[in-house]
Every structure is written in structure tokens, then in C-alpha cells.
Amino acid sequence: MKDSLIDIKNLVKHFDISGGLLEQLAVSKGRVIRKRTVVRAVNDVSLFVNPGETLSVVGESGCGKSTLARTLLGLYPPNGGEIYYRGERIDGLTQHEMLPYRAKMQMIFQDPYASLNPRMTVQQTLEEPVVFHNPSISGSEVKDRVAGVMQQVGVDPTWVDRYPHEFSGGQRQRISIARALMVDPEFVVADEPVSALDVSVQAQILNLLMDAQEQRGLTYLFITHDLSVVRHISSRVAVMYLGRVCELAPTTNLFESPRHPYTRALLSAIPDLYDRRHKYIKLKGEVPTPIDLPPGCVFNGRCPHADGRCSREIPALVHQGSEIYVACHAVEEGRI
Amino acid sequence: MGHLLEVKDLEVKFALRMGDLTAINGVSFTLDRGERLGLVGESGAGKSVTGFAIINLISKPGYISGGSVIFDDRDLTGLTGEGMRHIRGNLISMIFQDPMMTLNPVLTIGTQMVETLQAHMNISRKDAEHIALEKLRMVQIPSPEKRLQQYPHEFSGGMRQRIVVAIALLADPALIIADEPTTALDVTIQAEIMELLLELCKSEGTGLILITHDLAVVSQVTQKIAVMYAGKIVEAGLTEDIIDNPLHPYTQGLIKALPDGRNPGTRLNQIPGVMPSLIDIPPGCSFHPRCTIRGDICRYESPALREIPGYRNMAACHMLGLKKEPTEKDRAE
Amino acid sequence: MKQWKRFKDSYFLHSFKHDRVAIASFVVLLTLILLSILAPAIAPHNPYDTSSIDIMDAEIPPSWMEEGNPDFILGTDIQGRDLLSTMLYGMRLSVMIGCGAVALQAIIGIFIGMISGYMGGKVDAFLMRIADVQLSFSTLMVAIMISAIFQVAFGVGRYEELAVPLLVLIIGLAEWPQYARTVRASVLGEKNKEYVEAARVIGLSSRRIRWRHILPNTMSPVLVISTIQVANAVMSEAALSFLGLGMPVTKPSLGSLINSGFEYIFSGSWWITLFPGILLVVFVLVINLLGDWLRDVLNPKLYKG
């Protein structure tokens, strides 16, 4: 995509958990074979993120959204595909070559208890990224920046010398956000930033994220399983299932007229506060694991509309008009 | 016949080195046979502790310091270990959040189910297995005969939680207490499990206390709701009344804080501050520091749960009913 | 100033003040260590000064018994050295060897454990196999091998001069796998935590992440096993000396005193073995008690934070 901030093309990420040679050996049909166990977390994903927007990636456990986020940020080397930042290729760079991008791309994590180093004070946690990327910065300037960002995220700046365990879950999440903002990034990946928080705290943190986006012109990639949050804050949504993107569409389109059968089932399963006799679409069968992917469309075992083609051929993500992309044979053929 | 369960002024304290902290401060509610109640609140409100207190599973340093739990005309708080054992798993079952923690990983499903039955009734292994199969079919587990021989790790998360529901139903209990049963599950599985629980409670006439922070889930399954805050019930009533017409400022704040997709991109309603921890519960009404309609009396007198004139809900608030509060419906019109 | 205030308010200090066993053990330990440091100043005699030792003074019983000599409070050993002075100097040697050996074990073990845990894969497998091999050699075998080689190569005289560093080396090398395994287990747990991922997203080098971020979070179990390892090291040295592979006769540690006195128990000179034995037991006991208390205090399940 032209002018996109992030461009992901055909990204593949697998984890080989076969173990050592001894663990791989197994007996099958009277012969000794080598069993490989590969978790196919991300399979041929293509996405783009426009500057200033919030793209949410949703899906249930095992869909690969967290792996996608981490591969995007270079925490895992991809097995295939390309990643571009403002048109420049960033996968496969050395640690040294990645440094300038690291200041532009940051991440916020899910668990407010594990995302801060328990042995470092707030001051130490927040100043480290700044000092690392700006070695010539003066001590007083760092202190001012730290105090400034703490204020922005709503944590009392006089608490800089405290340790994480002295703060509540919501406050720790604010400090995590502060850490990400310290280097003045352009792009922030938020991996389930509010899932571990109570409803009232969740509202505070979401508001904070929206404020920060407005004030700093940030672009967000929001990973979550909570569709109501998605509806509230995203401009576009990508729905993932077992390592593939099923549907990618602007938020209103996705929620008002979902096309992919999985998206429809997913949306119908969200309990609605006011519609209390709500019926949901039942999916048959069990969720396959990313280790044992079915042939053809990953959803074909559970899809109410699957036919022969679906069990043989993997559907491609096809543009249906108005920025809506769907990977489904039935939609493409006009069956549904 | 009286209520199936009547909890009256229940108090639970924790004896810590800095003194006794009150986790539950006078909780009262009733449940009739086959009725479904949602106990809703954020973390730290005391809803799980309430659930555990009902079946006397509070372990040291916690203890029940007051009140009564009358189940089928018997006060459970007075029962000893042996007496309680007869109740638990038999007349009252409990379902927990994480099935991997509830199911013993080294025993087959069959063994765990048979063991549960044999603990409560004099029954042969064969008969117990028969009942186990029946329950597995009730929770729609395919090929149950094969499943009895399998271990928990051989099932997916959703299947495991179904098995946990099946175990809870083994002795045909009169009441099931479910503590966050679907919080750890994906939303599509959550929908299946909640529907299953709802159908089974309806068909078997089993009472249900659903403990959760998720108001939306509660709205689909329960008939009554009690909202808890800092160890007290602040509002109680019929599900539709609580959701469509919440009276207590906390309940209102909670509902407004939920992103509902109707006003995307706007700032969500925040309740300022956080729920107080057990150590610093404010005097008077425990919600008053965060409340938008507080008055002077709220600072030093704790409000009791009472009927609010003109409404069906009960709420613990001094300021309600003094002047007629504009409701959600009024404001929307 | 801030650190001191934080320490004063901490749970650590609070728990200590309330645990009488911990306080008593700490006091005793501190006394023993002080005595050993001040040995040259407070010992009535200098047991290493061969000119002051008279073989005619050998095997004098403690001063409160008949035949005792007020000059030698606890009696003398088989060489005529004052037992109390020799014990104080011996305690000093035991403390030095104990702490020195543990320091060596810790340095080697922490380094290997960290690299092994963080890098995983083949590096981990290789290093842990080396640790396994090391563990299969008992301290005794390592001692015999190294002492024998050294004595053959450099002569017995040199051996006596370098006995202390040699023992530190032997015991340090024999036991580093304990530290390596402990640290490796901690590192495996910590390296997947999100604060480590955050550090990588910032762009920090692996080296910085290992030593600045992960290491401080592995220190709790290291502290706990250190107390036990000091006790073990002292015991190992005592055992080696008992077997004649440790400290030489001219510079006895508590262990060698116990050893040399052992043959003389039946001839009636029980004090040569008993008093050093009691001192050794007390020393090891208070270290273990403190170690127990430390383990409970640092247990994350009991102590939130």
C-alpha cells in the first residue's frame, strides 16, 4: 500500500517444538519415523496500517495475533514474508540496523504485573529507553522528560523512586504506557492492554490511549479479543483465525455487515447487555490447534457453508470494495 | 417452603498481623429453588469470598465472623467439617474459573467422576459410571464412553469446562455456585458454556449463583442481580431493572464505562479513583470518595440496602429517593 | 538516606525483628565472625609462632581441671599449642575458606547459569552436561586429584603456603553446579516475562538484558543457597582436613584440630576434639538457621513483592 506506515506482506512464522532427536523418534506402522511438531502460528498474513489510524487485530486463542505483533516488532525472526516501515524493509535487519526503528516502534503489554521489572524503580524503567536512544542527553533533561510523561499518563511524578509492587494494576499499566511513550514513537503495538484490568480502570486506560493518540499523532495496532473495545476505538479491524486473516474491514462495516462466516459467528457470540434473548451462531466441531492445521481453508471443519473446494483450496484475501477484504470461497462465489 | 438459600448479614474477616480486616461486611440476599442470581463486581469487591463463604470454604486467615447462611432451613455456618462435606459436591456444587486447576491432571475423567459420586452415596462403580455417562451426555460431550478413560490434558479448554459442569451436576445438586466460569474462555466457547448452564439449570430446576465481573454475560443468564462494592451489596434487583435502570451511582458508572459501540471514538465514562483495598475502606459509605452525588451524611454513615420508593431495585445509598433521580430512560428521552 | 529509610520500613527487617531464632543466630554468627577477624588481637597465644610452642606443653587439660594450667584456658593440643588460640585462628581459616569458596562457586555458577538459561538450545545442553559431569565428581575426588597433582608438581612446602587458596579453588570448583542450576531455573522463568520483551523492543543488547534486567531478579534463590553453601563449604573443608587433605598440621583449621585430636580421645585428651567440634557445629548451625529464615522471608508466595 502506498503511504502506509506499516506494510506486512505474506508473513509466515512457525515455531518448531519438535525437541531433540530422541524426542522426535516415534514408531508408526512398524517403522521408526521422525516426528516434527511445528506450531504454525502465522500463515501468509498480509496487512497494512495507515498513519494515524487504529487497526485492531482480533481473534480467539491460537489465532496468532500475539505472534503477529511480536514478529512485526522484530522479537521473532519471520520464517517468510516481508515487513516494511514507511517503505523501508525492516525484517532481517541486524540488531544494530534496527536501532533507529526501535525508537519509532514501541509496545505495550497485557500483564501489568510482569511488564515492569520488579527490581527497577519507575525512574530507572522510564529513563532507560531515553538514555539508550539519546546517549548525549543531560541528566536534568531526562528527569524533566520522565516527570512530563508521568504527568501525561496520570501517575504522580513524585512517585518516581518507587518500585512496581507499590502500585495498583491500573497504575502499572500507565507506567508501561509511559515507558512506550518516552522515546516519542510513531507506532505503538498494544497487546491486550486492558484485558487484565477491571471495567472502571479499563475505561481510564482506554481514554488515556485515545488522548495520547490525539496529542502525539500515534498509530496503533491493537491486539485484543474484546470486540466491544474494538468497536469503540478502531478505525479498521482484522479478524484472524488459526494464523490467517479472514476479514479486514473498516469497523462500522465489519460490525454492521460481517461477511466471513467466522466473523459472523464471532460477533453473534458477544453477549449484548441490552439484547438478552440473543441467539448465537453455533459452530460445529472443535477448534483445531495451530499444530494440526486442516487442509484447505482453516475454517472449513466448522463452517456451516463449507463445500468441497473449501477443503482443498486456501482462499485468498480478496478486495470486495470499500476497503473490505474477505478470504472466503463462498463469499467470492456469491453463495452467502 | 422457604427460600432455598438465605444469606443474612454475612460477615467475613481476615485475621492479619495488622489487625482484622473485613472482606465482607453484612451481605444479605435470598435465592429460591431454580432461581438464577448474578453476583457482580470488580476484583476485590468480595464476590468470590461470598461464594466460598456460602459453602464454608474460607481458609485461614479468613473466617466467618457473623451472619448466617440458611440452606434448606439449615444454618451452614454452624456445620462442622463432616456436616459440610455432605453438602459440598452433593447439595451445593461449585464451578471454578480454570478447569485445568479444577481437574486433577493425573486422574482420568472417569475416576474423578466416580470418586465424586462414591464420596456422597453408597454406590457401585458400575452404577457411578452410568450416572457419569448420563451427565456427560447432558453437557453434549461426544462419545462419552471413550472420554471416561481420557485425561484432562487430552481435551480442549471448552470441553474441560463442560466436564467441570458435568461433575458439578453429578449428584443433582439444588444449587450451583459458578465463580467466573467463562472468564478464561474464548468468546465463542463462552457462549456455548453459558447457554449450556442456562438450559441445564432450567431443565433440572437447579439454582445458580453466577459470580462474575461481566455484566453482559450476567444479563443473558440470570433473573436477579446483586452488585457488590468493597464487601457490600450496593444494589440488587431484577436483571432487566438493574441494567435498564440502574440507581446506585456505582452501578450507573460501571454500565456507562462499558464500551458499547454506540459512540465510537468518544471518551468512555470514567469512575475516578479505584476500589479501595481492604486496608483502606473509607468511613461512611465506602463509595463516597468516588461518588458524583455524595452528600455530607455519606462521609460518616454507611447506608443500608433498602427499597427505593418508586423503583423496584434495592440500593444502598443515602441520596437516592430524596429527590426523584432522573433515570437512564428519562435522560435518553 | 532514602535506601536506609526504605530498608527500615521493609518487611524484611520487620520479619527479622519478630523472629527470635533469626536474631539469636545472627548475633551468634556476628560474634563468631568478629572473634575470628580479631583473632590476632585477642588470642592469648600465637599458635603459628613455632618458637613460642613447647612440645613439653602438649596435652595439658583445660584450666578448670587438676593438672590444668591457667595459661592455657582450654588446654593444649598434641603439639603444645594453646587450644583456644588455635581454635580462634582455625575459625578464621574456616570462615575465609568458606566465604572464598562460595564466592568462587557463585561467580562461576551465576555466569554459566545465566548464559545457559538465556541462550538455551545447544549451548544450554552443553553447559548443563558439563555441570552434570562436575557433579559426578565428589568434592573428595576433586580434592584428592588437585592436591595430589599440586603436591607432586610444587612440593609439600609450597602446598602448605598455598593451602588456603587451593582449598578455595577445590571447593569452589566442586560445587558451582548448584549455583548454575539455581540461576538457570530462575532465568528460564524470567526470560519469557514481558519486561524482558519490553527491553528487547527498546533495542537493548542481550548482554545488558541479561545482567541489568534478569540477573537482579534471580538473586533471591541465590542468597538462600549461599548461606547453605557457606555451611557446606566449611564442612567440606573440615572433612578434607579430617582426612588429611586439607589444611596442613602447622596451620590447623577446625577440621584438622578435630582430626588430630581424634586419635587421642581414647588416651584421655578429649578436649582436643571436643571444643573445636562444638565450635564447628555451632557455626554451621547458626548459618543454617539464618538460611532457613531467609528462605521463608524471600518466598514470593508468602511475601507479596
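Letters A, B and C mark the chains as written, and numbering starts fresh at 1 in each.
As a convention for this text, a contact is a pair of C-beta atoms (placed from the backbone, for glycine too) under 8 Å apart; a residue touches a chain by one contact, two chains touch by 3 or more.
In this text the structure is predicted, and so the values were computed from the model without any measurement.
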item: Topology of the chain contact graph, where touching chains are joined (line, ring, star, complete, other); value: line
item: Higher-contact pair (C-beta pairs counted), A-C versus A-B; value: A-B
item: Centroid distance [mean C-alpha coordinates] between chain C and chain B, Å; value: 55
item: Geometric centre distance via CA averages, chain C-chain A, whole Å; value: 51
item: Mean-CA-position distance for chain B and chain A (Å); value: 32
item: Chain A: positions in contact with at least two other chains; value: none
item: Residues on chain A engaged by chain B in the complex (per definition of touch); value: 60-61, 168, 170, 198-204, 206-207, 210-211, 225, 227-229, 231-233, 251, 255, 265-266, 268-274, 276, 278, 280, 282-283, 286-287
item: Residues on chain A engaged by chain C in the complex (per definition of touch); value: 20, 70, 73, 75, 95, 98-99, 102-103, 105-107, 109-111, 114-120, 128-129, 132-133, 161, 163, 165-166, 176, 179, 183
item: Parts of chain B lying in touch with chain A, wherever the complex brings them together; value: 42-43, 156-159, 186-192, 194-195, 213-217, 219-220, 239-240, 243-244, 253-255, 257-261, 263-265, 267-271, 274-275
item: Complex contacts: residues of chain C adjacent to chain A; value: 2, 125, 193-195, 197-205, 213, 216-217, 304-305
